[in-house]
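First chain written, first letter: the chains are A, B and C, and each begins at residue 1.
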Amino acid sequence: MSAILECQQLTKSFGGVDAVADLSFSIERGHIHSIIGPNGAGKTTLINLLTGIYTPTTGKILLAGDNTRGLAPYKLAKRGLGRTFQNLQVCMNMSAIENVMVGRHLRLNRRFLSALLHLKSVRAGDRDCRKRAAELMRFTGLENQIDAHPSEMSYGALKRLEIARALAAEPELLFLDEPAAGLNANETHAIGALIREVAVRGVTVVLVEHDMKLVMEVSDNVLVLNYGRKLAEGTPKSVQNDPEVVSAYLGGA
Amino acid sequence: MGMLQKLRTPRMGLVVVALILAGAPLLFTNSYQYDVAIHVLINAMVAVGLNLLMGYAGQISLGHAGFFGLGAYVTAVLSANYGWPIYLSIPAALVVVGVLAFAIARPILRLSGHYLAMATLGLGILVSIVLRTEAGITGGPDGMMAPPLSIAGTPVYDERYWYALIAVLLLVTVWLALNLIDSPVGRALRAVHGSEVAAEVVGVHTLGYKVLIFVVSAVLAALAGVLTAHYAGFVTPDLANFIYSIEFVTMVVLGGTASIYGALVGALILTLLPQFLTGVDELEMMILGLILMVVVIFMPKGLVPTLGRLMPGGRR
Amino acid sequence: MQYVFSGLTAGSTYALVALGFTIIYNASHIINFAQGEFLMIGGLGSVMLMQYGLPMPLAIIGAIVLAVAAGILVEKLAIERAGTNDIVPLIIITIGASLFLRGGAQFFWGKSIHALPPFTGNTPIHIAGATILPQSLWVLGIGAVVVCLLAWFFKRTLTGKAMLAVSHNPNAARLVGINPRFILMLSFALAAGLGAVAGAVAAPITLTAYDVGVMLGLKGFVAAVLGGLGSPLGAVAGGLLLGIMEAFTAGYISSEYKDAVPFVIVLLVLFFMPSGLFGSRATERV
């Protein structure tokens, strides 16, 4: 099994605090991974490091074998990385489908002159892009919102919109930052089903989550963080039964 | 698409504008009106560029008059002082402004909000100070003469020819702008405005796009400046005055920040405003300030988008 | 040495403008582009009120009141109404306010340049081989007094501390009963008053007209950025530093480019040191 992403002694310090310290793990292609940990464990920092929003203080991140140090998010996107955001980052100045169409940016004719002259290739590309975006919205359960505006959409729908947008880029590795945050039990279950469908399509999914039920249901592999360090790693069952994990969450039962 | 829907697409608007531009001269009875119309068109050109930068890409520039004035001066200096033919001095002016904008764009566009506003303001003011001070080259505060456009040896002074020329150029500019918006580049720009980080993670090089649109809008302003120089026949450092930068921003805000047609409307209203205020032109500044405040408070999207919503079937 | 004096004099005016910016910025993260206009009201207003027959001290007080009223009006009618926290619209609103105030001054008070009589006469004083006008001493002195008063206000009085609380964390401040709207209004009033004082005191030296606010406001903003937006100490330091740099440029390089100095500085600061001398770096949470 090939590792699509590998971390080696990854450390990120802010001032005197190590948000992530000496972290090493790998993510296997085709699996659904989850990263969990109590609040402040460094999950958001980790996902920001892996998606290029922060640069590591020390340590390496290898994407398909290549060091990604210093690469900006847009360059990582070119290498097949995608992500959604915990605090939604939906473009409110565009319609829902246009948001998804933006996701497909790298696969379209981006030449400035062609755009200016409204060349046939640009128009055809946009038509195709719109079709695919609509299809993705159907895939994520948003078929009724294709012409809607994000300001009219529910929180849960917007979370799915972000997923549709991320999928539009046809990523190989997709990071979902707390996809179930703010959702009720039904919606969470639906997101779980969606995540499994995404994995079936061949995308390696990494989930940062608080919702244990979701994590245990969908994950092949779980990484537990505490104070920026790896606390445990393994299958959902093994992690669930790990006494250190239990005590970290419950504060030393 | 139904017939009515087809008529309401952005490109049909272009036909409407073309008709208006062609028809308006039928109402003109003297050359002064042509002159005012030409100024409307020139301002509109700047406004369209600024609209792309502010409305679509979500940036701000309080120094665009600097690009305008610089374009005007470069072509004037090259053609008057160094004897360059106009068909060379004009492209040279555009290139010079483009290069300057490109050079300054990367560091400036890393800033945002107030800092960006302040930096562009500073830049514009610096340009106007230099233009005023380097009297040896620029003729100082009193300005300098610029040779008129010549076609086949005969200089073009007739306002009607200028009107036609600039109207065509403006139509082309609007067409190009509309194309740009309705393309992956345009969507990327709007995404930069909507959420920079979201745009980045889908592969949009946000800084690159900001630089692109900054340079485009600067060159458009320079083009307008170049046309002014050869139409009016002289240039003064006042062209780069920061009050004009503010006026351009007002045109964009008033007409509609994310609307190309809005930019045209904004330019029209603000250029014509002094005409209606003759006799009370001391009130002009107060009214300008009032317009800015009222529009931003009550009609934050600007005239054209707000009115568009009020019409049947209008949305967004 | 001469340059130091003239630089400090101009600098303390810039410092007061910069303080005004800082106060408003701290209460609301708004940059008030109309700040320079408060100065103008202070200076020109004093002249005008004297023309109506008021003795100078009363005229100055009247002008200050006028400026404070203008500041409160701007805050209540424009900023509060906008109901948005987006930066670009707010910038445009304050630009509109500045145009409105300037246009109003032009309309009601005319376009000519006026001079306010100096407070204690015009005979230059000789210190350390350079001459300084008595009015300059007034400018420096009143500037220093104002800064001390402000420091006392922020550190010792309840209202002052409330203002600091709002600038650090508006929500927490709300929770302990502080009303951010009131604080915002207060900050505008204070900034306007500061500006008016600075304008009135400087007017005998720099003369005053309806459009002095533009450059002074811009330079004050540059000073605030130089010192670090949000830091009162930075505002004062930035102002004085800017004044001195301008004076030295005028003396040693070229007096025509004296006005370019602030804008070159602002570009350099924004490119290389955006948080200024004393400011704090902001981070965005994703």
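Here is the rule we go by: a contact is a pair of C-beta atoms (placed from the backbone, for glycine too) under 8 Å apart; a residue touches a chain by one contact, two chains touch by 3 or more.
Source: prediction; values computed, not measured.
Distance from the centre of chain A peaks at C, each centre being the average of the chain's Cα atoms.
A summary of chain positions shows that the Cα centroid lying nearest the centre of all protein Cα atoms is that of chain B.
For the pair chain A and chain B, the distance between C-alpha centroids works out to 41 Å. Mean C-alpha positions place chain B and chain C at a centre distance of 32 Å. Here the CA centre of chain A is 47 Å from the CA centre of chain C. Residues of chain C found to touch two or more other chains are 286. Among the residues of chain A, those touching two or more other chains are numbered 53, 85, 89. Shown for chain B are the residues in touch with two or more other chains, namely 58, 197.
For chain C in complex with chain B, the residues that touch the partner chain are 31, 78, 81-82, 84, 87-89, 91-93, 95-104, 106-107, 214, 218, 221-222, 225, 229, 256-257, 259-260, 262-264, 266-267, 270-271, 274, 286. Chain B meets chain C in the complex at residues 54, 58, 60, 62, 107-108, 111-115, 117-119, 121-123, 125-126, 129-130, 133, 197, 242, 246, 249, 253, 282-293, 296-297, 300. Interface residues of chain A, counted against chain B in their complex, comprise 51, 53, 72-74, 76-78, 81-83, 85, 89-95, 98-99, 101-106, 108-110, 112, 114-118, 122, 125-126, 129, 149, 162, 165-166, 168-169. Listing the residues of chain B that touch chain A in their complex gives 58, 176, 179-180, 182-188, 190-191, 193-195, 197-206, 212, 258, 316.
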